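Structures given as structure tokens follow.
Two complexes come next, and they have one chain in common, chain A, joined by chain B in the first and chain C in the second.
Here is the complex of A and B:
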């Protein structure tokens, strides 16, 4: 069994463990041992490459002055190539840095997904965490790779920088006629706010029933006990419906996945499928206050 | 009733009432009623009846299609001329004030009801506290901020598309909300919530599906040590969940209440950065 072999090697590596005492009473204190492995090494290498390329690109913009770097950090940006160069390789200063950094960033995320997949299997778990992570990876790929390729221009993708991603979010919404009218965006936001609600509900419920042992979730799923009973009755009496120790985690995974998948569909549909979501709203007849701004049919 | 429920209902009946908690201790089907349940029911029904009546039968932009009206209908807040006065004029936003009042009472009663039930079940009050965070958001946006600025018209219209239009316009009213640092922290915690939720849900499922093969929390701990060197633990993850979600809401309160009261332009807000004293002597 791969799991058994792995457990033995784990015993040997426990020398690298550290304990952070300040966390006592709040959360587990053990740090490490972290696993590197082949896929971890690949992920680390491509991430460092991405950071290196970004640092060179930023460095050129501030003349390698560390104080200027700190002062302008939030606005420093690796811009994608201009729309004129389409999907071509661009010169380094005109989007080439962005292309290289993005390539290594995508590789990092792919290697990272494979890495957590192999780690989940090696520890005897079903690889649900990498499955969940791949939903986020899909949203990332939709924004940075699939949509730009579909519309034929890397310029459609966000730049790399703090202000750059905010500007992109703003411009992308406006460019496609206001994302508030994009039904997939609505669904994604529903999932996003819903995720926060479910997180607060689940976290609050388990903390409230800690003294009855509801936090031992794997055991509670197999054979529910007093803590889970009280938690279930709380919601049944409050709103007439309760999840189980198992199904609440299905709700959790479902809502969180909805954010990324609906968001990715919303991004991909912008342009090729629907060039202007406000006009879509006009066609769907849901813009009563702004009828004057709608195109005449 | 659930198989184990009778025992807990008997236990709840034995809990002595205190002030408004534990009054009207009866169950209607699955639902617990209680004093605060009655308050929530009365004001919730009143508010939603008025909302549906306004949206389906009064809204000047209504269509023959009720489902469409549900999405595009609205009750607009009072115009700026009303200020923060209480108006009884239906043409000047009385029904907005009425529904906001009903909703606020309902939300508060719902929180008290959760506390009531938590008390009967002898568990902690974390659920009503978390609900209180989101109640504070409603109160901040619809009541506190409008009163600080002296206009009910600062509140958002009660309607599906109308509140999206309001939010869209609000984002550009103080130059651009993407420059609002509390908005940025709020959004980070919002996506952080989805991230934590996804990780936690997937983690527990990944172990639960393999329970027959003897998987327990040790496997999950080892997975997380492998993964990024730290496993927060089965209690810690729920503390993290609770505070990520609550701080997300509290940060968004801050980002709303500062806009228009203290800060008029979130881009100009950052002007302090370039002239901050710590850059002195570096030749800028």
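Here is the complex of A and C:
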């Protein structure tokens, strides 16, 4: 059954799809059709507003000189309001641009999530893609909105800019002791590395068993065949157990969402729950080698 | 399902399979090509950086290795910039010989003899000191400060400045350099004119200015070569001020730093480093701290772990208990820079209003300032110096290894 459904879908698609051969070597790419819709229009409008506000803020810094804009793009930054401003609205050039740009960026991501959700439902799918995207959105919201509101200062959020995000990553870690000792950061990195290796294992396994048809995933999920059996045998030989053609996708989704959710909890806990993660590491005695550098209680 | 349908389905699947194999071959070729390009790019970028750093005299061996730090000689430092050590002019030597013949004992010498002893009541000894340290250090001949007809005259304003600077040099040596926390056996160098002037009468002590509008500084402003030095826009937005104004660049002397005072325990926190439960929210203080640290990276030509334990910057010891003397010394030197900014520069005659001391002023990218001397002749403590500090800034309580 699955084979027949798949075949029909494939035959139907191949009648209208045009392959752009220049991209064929990278992926089985297909362009269009794009569905805009109400939520797409909202997302696009919010995004353009965010870009416009950011461009105005950047433009003021370079005197609206396009050459300077391009040359200094990597260091141009919209800063959040200063520490003293707390959560108040700030004048445009003292954090107001950042507040407006962040507001529209948040709206963009919310509208985009709703858009994916409505498109998934319209396509007869379970909303797993917007659910996965929501994990990333949660991390974004934790960094830019929830944590600053919790501690009472927009200044805790990153600026908008290439260097600004890199600096924030460093400075947030320095302020809170050392983020590497944050257990939620550890868990997030575990998820990051885990999802990376799972994606590599899965992709490699499917490509390796191409000759045995394991890439026909719908058929294989419903009724596994030689390719899947050989792939599963490989992993049993290598590490003693195997996922199925279906459960490997649950593993991947779980690890990927773990990255963002654990990371978000780690950010939220920094300050209100634990102001110094290195000191927490000392208290938790997570490695005896640290003790010489631990502050005296 | 009929046989015809079966074969049609098999044909479609075979066609699909072949297409997937074709794609996979393309992907593999693309991956290999991409990997080669990426590797080539990394190698090319590394070579470019290495070439630029070699061009800039970047000393890789001192970046992270405390044990490998070597002092750069003053002569070599000047040579690296295409300059030579300056000597008194022939005209000045002729004039000095005539002056010394007429005045074998000094006239109107008030500072050298006070700090270095009666030896400097001889004109020849004073000339020896002047031609050894003043002329090479400041990069000018005697006539820059002296009337060659009358060496004792105070008519030139540069002489008044030089005399005040000499008092400052000796007072700083006694108060800060001699008291620097150090491991047993480490050399204590002597401040001389060259320590700050480096062979230039008017020296640009703020060479770490990074203006993003200057094309030459783009790499530094972006943090590619200079460790992320802040732009004036950054300073405005993180609230750094000097004399109430946003400074055009940042080298850690700001209003907050100048206002910091040691508590009863002799401790002072010039820069907020890590948070505790009472730390107010916001990252501005951390930005300020980090920019001050970047200045010190660039000024001494070292990485963070020259002073810090990378696992916890606030710690004075590594995870194995090794004491990080450079961190303790850097803290001590921050006290000295504050002293210079508050007590000495404001009292120097004819000094540019905006002049501010910083680490680069003396270190010039080296752990040991190239203008320092390993001179056994040490200044005495003087009870009544000609210039007295404006504000009482006690020496910080040193951070020392626990016994």
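One rule holds for everything that comes next: the second predicted complex is superposed on the first by the 269 of 297 C-alpha atoms of A that agree within 3 Å, B and C clash if a C-alpha of one lies under 4 Å from a C-alpha of the other, contacts with A are read in each partner's own complex, and residues count from 1 in each chain.
Here is the rule we go by: contacts are C-beta pairs under 8 Å (C-beta built on N, C-alpha and C of every residue); 3 or more make two chains touch, one makes a residue touch a chain.
In this text, all values refer to a predicted model and were calculated from it rather than measured experimentally.
In the superposition on chain A, contact of A:233 is made with chain B only, not with chain C. In the superposed model, A:143 makes contact with neither chain B nor chain C. Within the superposed three-chain model, A:255 lies in touch with chain B and out of touch with chain C [touch as defined at top]. Of the two partner chains placed by the overlay, neither chain B nor chain C lies in contact with A:268. Shared-chain residue A:135: touches chain B; no touch with chain C. Legend: residue contacts after superposition of the two complexes on their common chain; A:167 is shown touching both chain B and chain C.
Of the two partner chains, chain B and chain C are each touched by A:207.
Residue by residue along chain A, chain B and chain C are tallied for touches, and B comes out ahead. With both structures placed on the common chain, the touch criterion links A:215 to chain B and to chain C.
Touch criterion not met for A:43: it reaches neither chain B nor chain C. Note: residues 10, 26-28, 68, 71, 166-167, 170, 178, 180, 207, 210-211, 215-216, 289-290 of chain A belong to the chain B contact set and to the chain C contact set alike, using the contact criterion stated above. By the touch criterion given at the top, residues 3-4, 7, 10-11, 24-28, 61, 68, 71-72, 74-75, 77, 79, 82-84, 86, 94-95, 148, 151-153, 155-156, 159, 163, 166-168, 170-172, 174-178, 180, 207, 210-211, 213, 215-216, 271, 275-276, 278, 289-290, 292-295 of chain A touch chain C in their complex.
Put simply, chain C touches chain A in their complex at residues 9, 12-13, 16-17, 19-24, 26-27, 29-30, 212-213, 215, 218, 221-223, 228, 231, 233-234, 237-239, 273-277, 279-287, 289-290, 309, 311-315, 317-321. Residues of chain B touching chain A in their complex: 2, 4-5, 8, 27, 29-32, 59, 61, 63, 68, 71-74, 113-114, 117-118, 120-127, 129-131, 133-134, 161-162, 164-165, 167-168, 176, 178-179, 184, 190-191, 193-211, 213-217, 219-223, 225-246, 248-249, 273-274, 279, 282, 284. Those residues of chain A that touch chain B in the shared complex are 10, 23, 26-28, 30-35, 67-68, 71, 116, 119-120, 122-129, 131-133, 135-136, 166-167, 169-170, 178, 180-181, 186, 191-193, 195-212, 215-219, 221-222, 229-234, 236-241, 246, 249-257, 259-260, 281, 285-290.
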